[in-house]
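Read through the structure below, which is laid out as structure tokens, and then see the notes.
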Amino acid sequence: MINHEYEVKVYYKDIDQMGFVYYSRYFEYFEAARTELLSSIGLGVSYLEKKGIYLPVITSYCKYLKAARLEQILLVKTMISSMPKSKLLINYSVFTNENHAEIANGYTEHAFMNEDKKAVKLPMIISSRLNNLKK
Amino acid sequence: MINHEYEVKVYYKDIDQMGFVYYSRYFEYFEAARTELLSSIGLGVSYLEKKGIYLPVITSYCKYLKAARLEQILLVKTMISSMPKSKLLINYSVFTNENHAEIANGYTEHAFMNEDKKAVKLPMIISSRLNNLKK
Amino acid sequence: MINHEYEVKVYYKDIDQMGFVYYSRYFEYFEAARTELLSSIGLGVSYLEKKGIYLPVITSYCKYLKAARLEQILLVKTMISSMPKSKLLINYSVFTNENHAEIANGYTEHAFMNEDKKAVKLPMIISSRLNNLKK
Amino acid sequence: MINHEYEVKVYYKDIDQMGFVYYSRYFEYFEAARTELLSSIGLGVSYLEKKGIYLPVITSYCKYLKAARLEQILLVKTMISSMPKSKLLINYSVFTNENHAEIANGYTEHAFMNEDKKAVKLPMIISSRLNNLKK
């Protein structure tokens, strides 16, 4: 339905003493990647928050296939492949930029929350935007 | 099979602009909790690494049930409930310390890796330790 | 004037590929340490924020003397040694728990900010508390 | 002597509950910025480490002038302004991309360390490269 690509470079802050990207850092890469996907369809996180819409993560998953290392450039392919109902599912695949080997993949699920921090149904502003993109 | 409890306090570094613990920080809590579980059964991570055994994460999962907030003390209950074969499964449940509400739960799976960063079978040092604990 | 001691254990999340604690992590340790100092004198950060008082960092400094390593327990000695005027100065010294070698030291300076995110003078609630402790 | 510019975008992971970039995150931005500066003059961190040269941070400092917020793009101007002797000094200034307001500035000092984790003098590979750039 919607695809987006985001590049991120690995720095010292990300690397553990095995010389690999530390496992939780992928969720930071996922967050940047989905922020850019949402921004690319006119649903930037800051914009949504100004409208009183928050997207807290309710589940997160990552499968680590290969180690990523210092100064590698990673390509995060991000996808929303189905219309959200009560929650939004986003999928991620991470590749090395040089040889396109898959490094990791995963997903996050997001609830919709209002300014009072109450769960709400899929906001119109999101559903109408996604419906327009399907066409 | 093996259970362990680990307490962690939430600080500013963990909190995002919703006022909640940022989702990837739970994986840092999980890491501290499993390090203490492993240490409690004589399999400390530093000790294992001196023996040339590494435990890279191959999958990670977390389900977020309630928001955790600044200066809350969280209790992470960590469990190894089955004998590992090619990989080690560790489960986590996170509770608030004051009212024992469940905040989050999840798991990590770990491969076994040697000093040359090659996958290896379940090392004897781990299997014999876990077998002893079952008795 | 006020002293406090805080213990923190080093985990994988903190360690870089040199096998040392990554340099910015010390500022997370400092944050936890000062939060505990402030809490110990009845000025917990959550409490202050409920009163509409925020303490944003305006300068930070750290000198790294020795490397800290995985699973070491560090002792952070935290001090407020002078009455704040327009800003609050907090000093930190980090020691290994086993042999009391100094690992690092540093400081942070904090402004006082209200709920509207405007700089304010030293709030009464802080000055009166610190004055009482001097006696 | 040497100048470099590096852009970084602020994501949720960076933001605290005041809605500002958390103070230690600037040191991560500094690290990425200096890695790119070094890379731009043929002294990439990975390359240096393959040659057995490490650049551990020995002091770090940051002054925070204005708050940076979610989805802002920051420009980090990085400078090496003097020939290192026993240590390398790197300066940083952080600006907003839109109106060039200065957000923060700071510095890091780095020792030179060999593979055995012993302090060493300024390595030839660095001094000759910097001398060439002066000309």
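Should a chain be cited, it is by its letter among A, B, C and D, assigned in written order, with residues numbered from 1 in that chain.
Note that a contact is a pair of C-beta atoms (placed from the backbone, for glycine too) under 8 Å apart; a residue touches a chain by one contact, two chains touch by 3 or more.
In this text the structure is predicted, and so the values were computed from the model without any measurement.
Q: More contacting C-beta pairs: B-D or B-C?
A: B-C is joined by more C-beta pairs in contact.
Q: I'd like to verify one number: the distance from the centre of chain C to the centre of chain D, where each centre is the average of its C-alpha atoms, in whole angstrom.
A: Comparing mean C-alpha positions, chain D is 24 Å from chain C.
Q: Distance from the CA centroid of chain B to that of chain C, rounded to the nearest Å?
A: Roughly 27 Å separates the two chain centres.
Q: Counting only Cα atoms for the centres, state how far chain B is from chain D in Å.
A: Each chain reduced to its C-alpha mean, chain B and chain D end up 33 Å apart.
Q: Give the residues of chain B that touch two or more other chains, as numbers and ranges in rising order.
A: 12-13, 18, 24, 28, 31, 70
Q: Could you tell me which shape the graph of touching chains takes: line, ring, star, complete or other?
A: Looks like everything touches everything, fully connected.
Q: Could you please specify the touching residues of chain C with respect to chain A in the complex?
A: 12-13, 15-19, 22, 24, 70
Q: Along chain A, where are the residues that touch chain D in the complex?
A: 9, 11-13, 28, 31-32, 35, 39, 44-46, 49, 69-71
Q: What does chain A use to touch chain B in their complex?
A: Those in contact with chain B are residues 18, 20, 23-25, 27-28, 31, 54, 56-64, 67, 108, 113, 117.
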